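Some notes on the structure that comes next.
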Amino acid sequence: MPRKLIRKPAKKIGASPGTLVHTGAKKTEQARIRVIDYSAEKLSEVEIPIAEVGKCCPLRQTDSVSWVNVDGLHEVNVIETLGGCYGLHPLVMEDILSTEQRPKVEAYEDYLFIVMRMLHFDADKNEIKSEQVSLILGPTYVISFQEREGDVFDGVRERIRSGRKRIRASGPDYLAYALLDAVVDSYFHILEKIGDQVELLENELVTDPTPATLQKIHEFKREMILLRKSIWPLREVLSSLHREESALIREATGVFLRDVYDHTIQVVDTVETLRDIIGGQLDLYLSSISNRMNEVMKVLTIMATIFIPLTFVAGIYGMNFEFMPELKWKWSYPVFWLVICLMGGAMVVFFKKKKWL
Amino acid sequence: MPRKLIRKPAKKIGASPGTLVHTGAKKTEQARIRVIDYSAEKLSEVEIPIAEVGKCCPLRQTDSVSWVNVDGLHEVNVIETLGGCYGLHPLVMEDILSTEQRPKVEAYEDYLFIVMRMLHFDADKNEIKSEQVSLILGPTYVISFQEREGDVFDGVRERIRSGRKRIRASGPDYLAYALLDAVVDSYFHILEKIGDQVELLENELVTDPTPATLQKIHEFKREMILLRKSIWPLREVLSSLHREESALIREATGVFLRDVYDHTIQVVDTVETLRDIIGGQLDLYLSSISNRMNEVMKVLTIMATIFIPLTFVAGIYGMNFEFMPELKWKWSYPVFWLVICLMGGAMVVFFKKKKWL
Amino acid sequence: MPRKLIRKPAKKIGASPGTLVHTGAKKTEQARIRVIDYSAEKLSEVEIPIAEVGKCCPLRQTDSVSWVNVDGLHEVNVIETLGGCYGLHPLVMEDILSTEQRPKVEAYEDYLFIVMRMLHFDADKNEIKSEQVSLILGPTYVISFQEREGDVFDGVRERIRSGRKRIRASGPDYLAYALLDAVVDSYFHILEKIGDQVELLENELVTDPTPATLQKIHEFKREMILLRKSIWPLREVLSSLHREESALIREATGVFLRDVYDHTIQVVDTVETLRDIIGGQLDLYLSSISNRMNEVMKVLTIMATIFIPLTFVAGIYGMNFEFMPELKWKWSYPVFWLVICLMGGAMVVFFKKKKWL
Amino acid sequence: MPRKLIRKPAKKIGASPGTLVHTGAKKTEQARIRVIDYSAEKLSEVEIPIAEVGKCCPLRQTDSVSWVNVDGLHEVNVIETLGGCYGLHPLVMEDILSTEQRPKVEAYEDYLFIVMRMLHFDADKNEIKSEQVSLILGPTYVISFQEREGDVFDGVRERIRSGRKRIRASGPDYLAYALLDAVVDSYFHILEKIGDQVELLENELVTDPTPATLQKIHEFKREMILLRKSIWPLREVLSSLHREESALIREATGVFLRDVYDHTIQVVDTVETLRDIIGGQLDLYLSSISNRMNEVMKVLTIMATIFIPLTFVAGIYGMNFEFMPELKWKWSYPVFWLVICLMGGAMVVFFKKKKWL
Amino acid sequence: MPRKLIRKPAKKIGASPGTLVHTGAKKTEQARIRVIDYSAEKLSEVEIPIAEVGKCCPLRQTDSVSWVNVDGLHEVNVIETLGGCYGLHPLVMEDILSTEQRPKVEAYEDYLFIVMRMLHFDADKNEIKSEQVSLILGPTYVISFQEREGDVFDGVRERIRSGRKRIRASGPDYLAYALLDAVVDSYFHILEKIGDQVELLENELVTDPTPATLQKIHEFKREMILLRKSIWPLREVLSSLHREESALIREATGVFLRDVYDHTIQVVDTVETLRDIIGGQLDLYLSSISNRMNEVMKVLTIMATIFIPLTFVAGIYGMNFEFMPELKWKWSYPVFWLVICLMGGAMVVFFKKKKWL
């Protein structure tokens, strides 16, 4: 559970808005800039060295769709240069750098600014990794900012490269849709993983619940709280994008945005379903603890209730009084055994009746 | 409870929208296409072999109401051919094939696309089976896609065949209504089944609750979570259909859509009521565990509290001290019994006062 | 708890809408039709035999207010005949016969259709009885359908008979209001009854809670779930009636509908308050079980903790070792008693300090 | 906690609306009518005998602000006379007399009708007393109806008497505002009282929780349920008054109504906060019961676990077998003690490790 | 937990609105007035003695941005004088002085009145301190009122002093934004502090939960209830400020207000997340109590169940009957040990099977 609950504040209280400080952990060694520039007919794909970030600026004007992807946010001057030549508002640049944004979309004069959280499951460490992805959607370009290398966009890149696909014939709004769609699809993968683990827990609960089971339930519950915080606001984001009457979003793209909105609702639904199910598992766990406590107490009660009176009887004839006529009788000992067996038997019958045995 | 929590993601992350991959389990051996074509005067009913699916295409133009029903989604080319000649959007075809859709209605230029979940209770296996039903409602046709053979539409088919009924004199919008109505009616049957079982559980709870009872409550709770996920969105679907100002829905059909909307609200109400009742049963179960624990502890406490002091007294006179005057006394033993009986009696009185006996 | 959770489905799945089948239990032996026809000046009150139900038809045209009341729904042809001559939609007739409708109001061309649930407390059997009441409000008539004889409308009948009252000078909309008001007033009586019983339970909880108390709480909780299901939707019904811009509702009646809407909100409020209170009682019950368990355990712990060590000490001097110097000493026995008393006393002090005694 | 949960129904089911029956308890011996009539320049204050209630009627026409206050509702003819000459609707009069109204505001042609609940804390009996206050706000008058003598309006009366205040220069709408404000201010006093007691309970919970603490939590919880029922609807009342575009409310009064609306929200907030806090206290109470049970069980387990085996060992050497070599050995007794001490010591170490000691 | 639950009522019930009484505790010894007056070109910063408060009045007219900050509210005449010359409504002055306001914004003719709660963490006392901050935003001035010296505005002051920043070139609306932003930023710091402590608690819960842990959970829960009460309404405040179409707020400031609105939503989100997490911790705590109780009971049950029967057997051969053949047998004692070991071993096997050992 290495995720922190609360974002580190972006800057000193009262500092100027638009102060560019990278507030997240430095998640990658070396920032990278990759540019894909394409239209229906042509395609170019280059990596631009950090020092020459200015080369990305002319792309603002080209008619082809230009996708500038920046991995790594600790090189503040990269964001500053791009912000400068693409006319980004200081608050947008601040938000790109403060990596605990709530997912949102904001319309500026000639671009849309979209922030969301991208999740991937790290199978090695068995944990969910998340990073902030910020998109700038302009008339002829998309700029994407990520916290570290590695993303869920490889499928999109291949579709661009493979030519003939719809993406090559569409504008930057369709590219932005494709990126959003890839992020939302990745949520399904995460939720499928969690769903499988919750399913396993279900079996553990029924067959052999231990305190470790409780610990797992607690961790899933917490994980769902944090997931929910990332996913819920995305619903609003996509709903407003899909209804957006922006010149930046062509009509034909609307139906695709509705599709990804639809997927987001499904994701939200699934998160809520998982929360309900995990909640039910906690109840079941608590009940089974009580059930087992009951069983433990029954064993104790049965043993104690049968033997304590018998021990008392034996104790009586262990007394050393001089005048105890029974001690001298010939049949005392067999009669003692008879009494003991009758008493024990009566107890057993009593417990059978109570259904404790 | 064999239902999976989370849908299998539709395709690779970032794949092109409209990529046609059947994502559900293959639920039927042999796909089937059945066509019913009718107007007030005439009726034809044929089965079309998979290979000749193209024969369904001319029906798009006929004035009569054409109902094309496809059972089985694993023959992707069937959906592709129909999608092609009926002008379905790639996203619609994708949704038909990904069988864990959230119920929804979407308006396209010349057809409405409706997705919902059809439930039937399999009495043999004592489980609820569900499959996705997708409807395309066009100006003169209805296409329905199901995951496997067998559905709740036989009543509708008989009404069509039997002539004189309103359905023969109405358009495809009325047919779509009839199919929706049959699906919603089937929910009542499912909920009635569950309601009866919950009622039985109620008796079990009052007379003899066991850990198996808890397990059943837990399973019902989970079943309700999943049912709810299928049924809740249908409410929106029918509400928007009923208010829809589409040229595809004649005015006379409006009142029928209101009726089925009404039924959907009743279904939702019932689901919520069942959830409340199952929640109350869990509380009752937990309380009765506590009550029985109390009883167990009382038995133990009473036995131990009565006999432990008596055993101590007997233990005293089992000591081997040389100088213990009582051991020599003639009435020691009867006095001992007297003391024992008084002590025991006092305890009994004490417990009676505390209402533990 | 004789109320069923789930309505019996109205008909076979996929059957034609408007198929007239009475789905409730047959709650009365003999169906009855009673007609009251009145205006400010004149009043006639007759009972019409089932076979001559057609006699009610001309009343549709008379200027006077005609109230046709039908008790018993198993004579389907009565509903069919009335439906025919009053122009009722097949769906309306279907709804009248399926007696587990959710309360609702529906506007048709020349009448309003109102469904609600009427409750009366059967003092003999100590249970709430409920039946569905359907109202048809037309320009000059009100038709009411009940499941069985006996209702809460006698006060309304007397006001009509007694002349001079406002009701005689008003139209059928005012009559419909009066019937709605009587139904809502009856909810207050039911809730008052339940409130009194919940109050009694409160005392039982404080003085002597038993498992039977838990059973009662559970039953009240369930009763409230079902009541709520009947009453909540009525709120919407009256709200929309009160805002309805129907030619069927005169302006002067509006303020009366607002009044009964107001009462409905009060009823809903009260149901919620009772739910909260019953929920609080369950918490209190559970807490008091825990408290008593604590007390039981304390008694056991105190007795066992005091006497187990003492018994051990006595056991030591019951040993038969040849070389145990204490056995020979003269003061051993008195010293033994001294030690025992000191040990017991120390324990008592310890428990006093812990406030267990 | 003597407050009843459910209002006594206003009249027989089906009785005519506007039937004037006083349904509350008769809370005062002698009804009183007090009239204050003022304008910026002049002021008169008189008490009018019940029998001469008609003297209040001419005030309807005077230009000065006339405040008619009626204490005690059992003299139905007072309400009837005033209702007659001020043109009150029968439903308004009915509502004034049925003293369990939900707070509300209703606009009639030439007056506003406002109902609310006035609370005062009776320090002698340590209980909250509540009564219904109904206000009629007309163009030149305010009529207030209370269930009994004594109210929270003395401050308002003094402001009127003392001249120079804003109230003397303003109209009846400002007077109505002042009365509403006094009622809402009184809620703060009540909530402050409850808040102090809840604070005390907090300490009790931490230092020494007893079953009486539970009882108190339960009573507070119930008290909050009832308070909430009185206060929540007032929020709507003031919100609609403040937005009301009535000729009866001058523009300058709007800002004052916004102020009292504001206070009402604060009251509602506080009620919710108290509910949350009391809920948290219940959780804390339950947890501390469990904690103490744990402690009790530990003491028992430790004592039993240490001494039961020791007693067994002593029991062995109390056996009377002829051939038990240990009995004859010289060092048996000291070795016995050694073994006993080692066993006891091992147990203590075991419990220390488990942190039970 | 020194924060009071309920505000002290502002004044006597029924007192005139606008009665100026300072109702909070006097939180500072000496009230202070500091004025910063600036435009893009010039800057003056002076402290004005309480007695000469009138010197602030001419600033209302100057074109430069004038920020009048008042620390300490007990000098009522300061507020009165400022209120007089800046034309503040009596209700505004009353609200400034009653320091338990719910955060709100109110539009008056030529100024906006904003109330909020400023929080700072007092590291020395390990508690959250809060005070009310009221802002008056006029065309050329901002007046801020605080309860005591010390605030979170030092960053803003430095930005003003340092020249060249955007703040110097903007109007009073931007200054108000900057103050709001500083307050909201301070919430992040508070929540980060609490988040860290909750994180620590998480570890404590897993490794070694004690009753003190419960106490801490309870305190955090209560703290969150109070924080939430302060922060939730701010959301509305900023939402309405951001949409406000007031001449007082320039268009360019809108985007900054959206930014701080955004932050407020993040704060609210975080508060809710913390509430959920703390709730989960309480559940975990309760479960781990139950788990440990189970363990305690198992130890007791195992010890008692093994040794009680053995002690009984030993008790039998401690009896003094004359005719007990076993006592004379040569191998009795070894056989006794054999039986004892078999019995004990059987028990151990039994418990192993039950997984209690």
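A, B, C, D and E label the chains in the order they appear, each numbered from 1.
Just so we're on the same page, a contact is a pair of C-beta atoms (placed from the backbone, for glycine too) under 8 Å apart; a residue touches a chain by one contact, two chains touch by 3 or more.
Note that the structure is predicted; figures quoted are calculated from it, not measured.
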item	value
Contact-graph distance - origin chain A, target chain D	2
Same or different residue numbers at the chain D/chain E copy interface, by half rule	different
Whole-Å separation of chain centres (CA-atom averages), chain A against chain E	26
Touching two or more other chains - residues of chain E	286, 290, 293, 297, 300, 304, 308, 311, 315, 318-320, 324
Contact graph of the chains (line, ring, star, complete, other)	ring
Ring of chains, enumerated from chain A in the sense that reaches chain B first	A, B, C, D, E
Footprint of chain A on chain B - complex, ascending	4-17, 89, 91, 100-102, 104, 106, 208, 211, 214-215, 218, 221-222, 225-226, 229, 282, 285-286, 289-290, 292-293, 296-297, 299-300, 303-304, 307-308, 310-311, 314-315, 317-320, 324, 326-333, 336
Complex contacts: residues of chain A adjacent to chain B	152-159, 165-167, 178, 181-182, 185-186, 188-189, 191-192, 194-196, 198-199, 206, 255-256, 258-259, 262, 265-266, 269-270, 273-274, 276-277, 280, 283-284, 286-288, 290-291, 293-294, 297-298, 300-301, 304-305, 308-309, 311-312, 315-316, 318-324, 355-356
